[in-house]
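Two complexes are shown next, each including subunit A; its partner changes from subunit B in the first to subunit C in the second.
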Partner chain A sequence: MDLSVVGSQLLVGLSRAMILFIVSAGLSFVLGVLRVPNIFHGSLYMIGAFSAFSIATWLGGQSTGLWLAMLAAPVVAVAIGMIVERALLAHLYRREHLMLILFTWGVMLILNDLVKLAWGPTYRSIMPPAALQGSASLLGIALPRYNLFLLLIGPLVAVGLWLFTQRTRIGKIARAAAVDQEMVAILGINVSRVLAVAFLVGCYLAGLGGALVAPTTSITLGMDHSIIVDAFLIVTIGGLGNIWGALVGALVFGVTQSLGLLVWPQFAVVFPYLTVVIVLLLRPRGLLRSVW
Partner chain B sequence: MRQGIGESRSRGAVAAVLATLLLLPVVLPVFYTYIAALILVTALLAMSLNLVLGYGGIYQFHHAVFYGVGAYALALTVTKAGLSAWIGFLAGPLAAAAAGCLIGWFCVRLTRLYFGMLQISLGSLLWIIVLRWYPVTGGDDGIHGIPMPSLLASPTSVYYFILAVVALCLVVLYRVTSSPFGATLQAVRDNPQRCEAVGVNVRRHQLVAIVIAAGIAGVAGVLYVALERSVFASMLFWVLSLEILVMCLLGGWFTFAGPIVGAAIIVALRTFVGRYTENWTMILGIMMILLIFFMPEGVMGFLLDRLGRRPSAVEEEALAYPAQTAGKGG
Partner chain C sequence: MLEVEGIHTYYGLSHILFDVSLRVEAGEVVCLLGRNGAGKTTTLKSVMGVTPPKRGRIRFNGEEIVGRPPHVLAQMGMGYVPDDRRIFPDLTVRENLEIAAKDPAGHRQWDRDRVYALFPALREKEPVKGGHLSGGEQKMLAIARALMGNPELLLLDEPMEGLAPLLVRALEEQVLKLKAISLTVLLAEQNVHSALRLSDRCYVIDDGHIRFQGSVLDLKENEEVRRRYLLV
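What follows is the complex of A and B.
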């Protein structure tokens, strides 16, 4: 097998992993701080992608429009997520996980139909901004520029999220709330607001993932279904609530999938799931330390 | 379980329901007989999940896999191996139970969410194999027009066949839940550490429950094939698993008959609301959210509450919904 084929497949896998990481990091953050397994996280990802399409089309589909769409689309996801959180979810935080799973799935069903009403069942697609079109070479391997851009964005998001949780006041409070909400409340902090901010961050990452994936794939109904199980598995093998775990999990998932394509194209999707099974059997609590 | 007047009253209710079900094909048009049969099959599937979920407290997130395995085992026995469908009717549940044993064997090592996630990935592996192995499974086209024995030629005879098998399975499930094994299973659900300490083999009890539940889900799978004469890869998809989970919640877990009520409501909704609107999943979603807010113990739990027949103290503790504090937010 040609080594450059393996190399380019590896880089494609890594750039795919960056999208998986951004979405899973949001899911993991919400799981860690709020203890909510948020199934409609996938819907927010889909809404991010559809919004990116609509905003870009509305702005004329030019390069600036596409950049603005990348920035604005996650805001749409955040707005929808926050409405659900403030109106409904905030009243359910003390329920058991099974109930929260069913609640967030109910929201997913509603959002799915709303997306169908708003955008219809047809496929959509957008181009990457002009600066990111075409291909560039990295280590002698030709790769679409947009994939290189994703390889850059992923680590940026990881560092940004790390700075948010470690260096900002609200991030530190959120980490404290993940461990002991009552203690945080006793210190006179409005826990409900902290949880809302944490949820906002999660929604933003879901929307951002959707906006970033939009130029690489056809935007369609069902995106929510295909991402959410993968994201949950990534979070689980990484260690529930651990942001770096989400990164490790996403890399493992993305790379095994793309390399699997070289080994056995027809059953390539088997490899990530198989990896998850092996990881969970060897390390039942995930690769990195879980906050649970 | 509940003794005395409650016992005889519920026995009377069971007899009345059974008599109604026996009369259905006589009074109803064929289409409604078909819907009734579909409800019975779905109800059996939901009941089998409730054995592990409600009674065992096991996060069986991908139960539909066993339903699909049962259905495909029958379909392949008939279309590929060329054997009689009756052999398939036995092979289906056995294959499903074997799949349950295999998947369960790995999963019982983990607990709660981790258990659920491992099960989703193992189940998804099976789903992908069914989806991609075109020459054998027909991929996402599925297998259609599976020949059935002449005994099951008319819709009415299919209905009675399904009714008989479902009734038999419900008796089995009831015996399992009220047996010492069932009591231990519920004890494991409520306090696994304490059970472990008094010498109960927690994992083995969970595994046995999973195998029984998977086998019965396999029965539901073969009954579905008897009814539809088709199998689809989506029978093993996780969305169906979530739907069954909702049926248990809707009807009320911790009650024996709850999942039947839940299955009836969902199937009827999809059939009759789906006829008027394309957005019936939105209606389902809204219903689920209303339910979680106002009827957290499901329809049956709500009714039992109203009739003054509260679940026993142990079951109540297991519900563990802090309903009084939940409304105030966190």
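What follows is the complex of A and C.
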């Protein structure tokens, strides 16, 4: 097999992994701080993608419009996520996990129907901004520029999230609240507000993942289901609530997916799941430390 | 400063506190003495709003506070040191203190330097994660963390519990320093000797009922109360 084919497939896998990472990191952060397994995280991803399409189209589909769409689409996801959080979820945080899963699953169904009402059942697609069209070569391997862009964005998001949790006051409080919300309240901190901010970060990452994936795929109903299953698996093999775990999990998932295509194309879709099974058999609590 | 009047507190269906009343005046150190399970922690948690009483009244600086959530009470000037310390294990000593910093009254008595001056051991452990501290260090950090909030009233739940005798003496010294700067303290203790050394007045609680109240001298002379409720 040609080595450059393997190389380019690997790089495509890595860039795909960056989107998986961004979405999973949001899911993991919410799971770690709020203890909420948020099933409608995938819906916010889908809304991010559809919003990117609509904003780009509305602004004329030119390069500036596409860039603005990337920036604004996650905000739409955040707005919808925060309405659900403030109106409903904020009152349910102390419920058991089963209730939270049922609730967030119900919201997923509702959002799915709302997306169907707003955008209809047809496929949509957008182009990457002009600067990111075509291909460039990295280490002698030709790769779409947009994938290179994703390879850059992923680490930026990881560092940004790390700085947020380690360096900002609200990030530190969020880490404390992940362990003991009552004690945080005793220190005079309005925990509900902290949880809302943490949820906002999660929604933003879901929307950002959707906006980033939009130029690489057909935007369609059902993308919420597929991403949420993958994201939960990634978070589980990485270690619940661990941001770096989400990165490791996403890399494992994305790379086995793309290399599987080379090895046995008919069964490519099986490889990441097989890897998940193997990882969980060897390390049931995930590769990195789980906060649960 | 604090007036508790006839509170009844429940954990679920079980009735824990029965008609508990106590007062703490500004600048006083008042001790709540009692055995394990007597209701000391529940009394402090009732005051802090963690387990609000079902009946009875609590006033803080003249304001009725039953039903207000803990973060509001903390903003009003209450500080609470839980008996199980509840240090945030993933945060460093410095971060544990940083997130606790507030100054509701605006007189800024306590900051990191001042709490390090009170507990020099913590300064050396500044970059260490809370979960990696010894029990004694965690006790100090729990008190330091409460002080960072510049409380008017400090609720101290068994600060000496589980500490080696040498550490108990050291910690008593620190509490006496707090007393010297006239911080108001409600101290829950089962160690009678510590309590008597530190406080101005005491209440004895047993089985959820206040059984005795009086000055430290009264308690020293009251052999019977000490024998019946405190096992000394």
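Here, the second predicted complex is superposed on the first by the 292 of 292 C-alpha atoms of A that agree within 3 Å, B and C clash if a C-alpha of one lies under 4 Å from a C-alpha of the other, contacts with A are read in each partner's own complex, and residues count from 1 in each chain.
Convention: contacts are C-beta pairs under 8 Å (C-beta built on N, C-alpha and C of every residue); 3 or more make two chains touch, one makes a residue touch a chain.
Everything quoted here is computed from the prediction, not taken from an experiment.
When the shared chain is aligned, subunit C comes close enough to touch A:Val179, but subunit B does not.
Residue contacts after overlaying the shared chain place A:Asp113 against subunit B, while subunit C stays out of touching range. After overlaying the two complexes on the shared chain, residue contacts for A:Arg169 are found with subunit C alone; subunit B is out of touch. In the superposed model, A:Val191 makes contact with both subunit B and subunit C. A count of residues in subunit A touched by subunit B and by subunit C gives the higher number to B. Look at A:Ile141: by the touch rule set out above, it reaches neither subunit B nor subunit C. Shared contact residues of subunit A with subunit B and subunit C: 191. Residues 37, 88, 90-99, 101-103, 105-110, 112-114, 116-117, 181, 191-192, 195, 225, 229, 232-233, 236, 240, 266-267, 269-270, 273-274, 276-277, 280-281, 284-285 of subunit A are the ones touching subunit B in the complex. Listed in rising order, the residues of subunit C touching subunit A in the complex are 48, 50, 69-71, 74-75, 80, 82, 86, 88-91, 95-96, 98-100, 102, 104, 145, 149. Residue ranges on subunit A touching subunit C, taken from their complex, read 169, 172-173, 175-176, 178-180, 182-191, 291.
On the side of subunit B, the complex with subunit A involves touching residues 59, 106, 109-110, 112-114, 117-118, 120-122, 124-125, 128-129, 132, 238-239, 242, 245-246, 249, 278-279, 281-282, 284-289, 292-293, 296, 320-322, 325-330.
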